[in-house]
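Right after this note come the structures.
The two complexes that follow have subunit A in common; it is paired with subunit B in the first and with subunit C in the second.
Now for the complex of A and B:
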């Protein structure tokens, strides 16, 4: 039962989102706005790739942070968080379920933003485009892992929508820097050896945050 | 099943619970009474492991079916889906869900989204969900939001669950208190 717990939580969240679309629409619009404005505003700069890579990740991080606040915030608002916490599973599974649903949301946003990014930015699709998808997936997982944990802490606060980005920003700096530099290298069609360090940072970040947060979640839920 | 041993819970300088000890008999219905602010919700949250005592020990030896002060349903899921979400964690079948719905008189509402239900129907769905969940039902004001007839039906349904379920219900409802096997009265955080 326990092994499926995270899946049940994520599937429930996905079903709710498909029906209500409370989170996805504003997140998508915000992401599109950031990417389009960023690319158009800096279309004539000489060093195009750094600006383009940063624009993509700022768009994903900014839009993602809007949705991440809802991971546990929405459960708090509905009065369902206590029911979740009394379920007969290790609470770390609930956290993993929320990471999965947040990851899925950011991934959907990325699937819209990345093609738009190439279309609006007039950028050439790199030969190693699967590498870009890998970086996006790892970055999205890191954002989801960090955001889901902070969302639980922020859910207790009255001003959680303002609090979450403040808590999230300093923690995801290493993730975003690695993602931006890795994206620049991939867009420039540099060989794997050039962006391997950034890939390792992303993998290390994701594993560290997932492992630490899963262990800390029990303490953070107050029991 | 559930035992409190010298449990104290402080919120800064205020003692919400002060040296509370009791043990629930398996299969019993216990009413938890007291004025607003006496510590009933704090006691239930400690019993459900949603909070930790400042001092003392809470021994919980059962899975918990929880009903908080609000029904706490997912408005965009149907009543059946709300029940199935929790039931799935306890290995309950579709037949168990149907039986719980019938027990609390909400069969007709099972396929409606929770947002379309009345407050009373939501409360009965939440009671059915708690009954599907644990061996120990911890209920905060279970007859809130129900009219007189609904409260009577819910009380009867809860009492019928004694035996397979152990129930601890914080309540101001005198009819429910009158039917309880035992009454725990809190006054200023202490058991009277």
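Now for the complex of A and C:
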């Protein structure tokens, strides 16, 4: 149970979700709502690419923050958080496991939103569409890394569902800025050199927040 | 409260107002030379805003190590002062840009975006503190959030686009040495003011913490 403990935590979350299906549905609907409303509202705007890129990421961030609230929030509700914390594994595994399950949730949302976005938005699929997937994956990982950590903070506070978006907003601005600008460049089929800085910021964000949160996780659990 | 520190801040600030508004020469190459004087207050306010944030983060590290009430009092005091100064920096900057530039778009300015993120981070920090009743837990989680935010703020500067914001580190925009002296004085005066405010506010926070938990150290 040691080296793969994080995997067990993530698998447990996935299994729970497959059985109860209580979280994914509202999360997906929120994402779809934001993307559809955004695309409809800005339908007549002349420069559509920037608006479309921002809409996709706002949808992912909104839907993501709903899912992230559950990372530790659901454990708190069920009273299982203490059980989780007394497992004989390094605390870092709990964090990585929660990042993995949150990442998976956001990725599922993205897999629905991105095709929908091209279908409803009537945008042309760029030739470099794998690059779009890469940006989405890096962005989702960053959201999961920051969100899982903040979910643990919010779970220990009052009115945590209202608190999490407030905590999340200032920390994910760099991630969203880089992701939106990168997506804009990829949608416009610009060469790699154009969106390389954004890619580097996304990678840097993911690495630094994963590392910092792993280090701080122990303190945030109350050890 | 250290009286001498408060007196020093008062004296430094009085001298600063006289020096920057009366003594400093008119700046050349500005379309609004009078409004330009706002920068003797804008730059130091921004400096204090970021310094205060750094102090909150470092105090957070100490907090996680020692779990004492002093480091938390300093972190809280510094965050409150930092919020005030970041608002001053934002407001003075926007007023100046309105006079100096034509068609200035603050949202395309990396420094404005970073300052806005800094203000949001401060507000989130207070929201988190207010949502936790148990003092030890509040101190611990506030420290964790302060450290995470200290990572996010510089990253948001990198992620924002370059802008027309004046940048003294660039060779073609280096500051006139005749004006630089006054800016340096102002930076010093604001730093002393920060220290005096921090001292007073942290002492108050310490008293509050002792009242809340008379048995802690």
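Definition applied: the second predicted complex is superposed on the first by the 223 of 223 C-alpha atoms of A that agree within 3 Å, B and C clash if a C-alpha of one lies under 4 Å from a C-alpha of the other, contacts with A are read in each partner's own complex, and residues count from 1 in each chain.
We adopt the following convention: a contact is a pair of C-beta atoms (placed from the backbone, for glycine too) under 8 Å apart; a residue touches a chain by one contact, two chains touch by 3 or more.
What you see is a predicted model; the values in this text were computed from it and never measured.
> Does subunit B (first) or subunit C (second) touch A:190, or do both, or does neither?
Touch status of A:190: no partner.
> Of the two partners subunit B and subunit C, indicate the one touching more residues belonging to subunit A.
Here the partner covering more residues of subunit A is C.
> Would you sort A:205 into first (subunit B), second (subunit C), both or neither based on which partner it touches?
In the superposition, A:205 contacts subunit C only.
> Contacts for A:116 in the overlay, against subunit B (first) and subunit C (second): which applies, first, second, both or neither?
neither
> Which partner does A:5 reach: the first (subunit B), the second (subunit C), both, or neither?
The answer is first: A:5 touches subunit B but not subunit C.
> In the superposed arrangement, does A:134 touch subunit B (first), subunit C (second), both or neither?
neither
> I'd like to know which partner A:149 touches here: subunit B for first, subunit C for second, both or neither.
A:149: touches subunit C, not subunit B.
> For subunit A, which residues belong to both interfaces, subunit B and subunit C?
The overlap between the subunit B and subunit C interfaces on subunit A comprises residues 222.
> Under the stated contact criterion, what part of subunit C meets subunit A in this complex?
Against subunit A, the touching part of subunit C is residues 64, 113, 117-118, 120-121, 123-124, 127-128, 131-133, 137, 140-141, 143-145, 147-149, 151-153, 155-156, 158-161.
> Which residues, counting only subunit A, touch subunit C once they are in their complex?
146, 149-150, 153-154, 156-160, 163, 166-167, 169-175, 177-178, 181, 198, 201, 204-205, 208-209, 212-213, 216, 219-220, 222
> Given the complex with subunit B, which residues does subunit A contribute to the contact?
For subunit A paired with subunit B, touching residues are 1, 4-5, 8, 12, 15-16, 19-20, 78-80, 82-83, 85-89, 222-223.
> Okay, in this complex, where on subunit B does subunit A touch?
Touching subunit A from subunit B are residues 45, 48-52, 63-66, 68-77, 81, 85-86, 88-91, 129, 133-134, 138.
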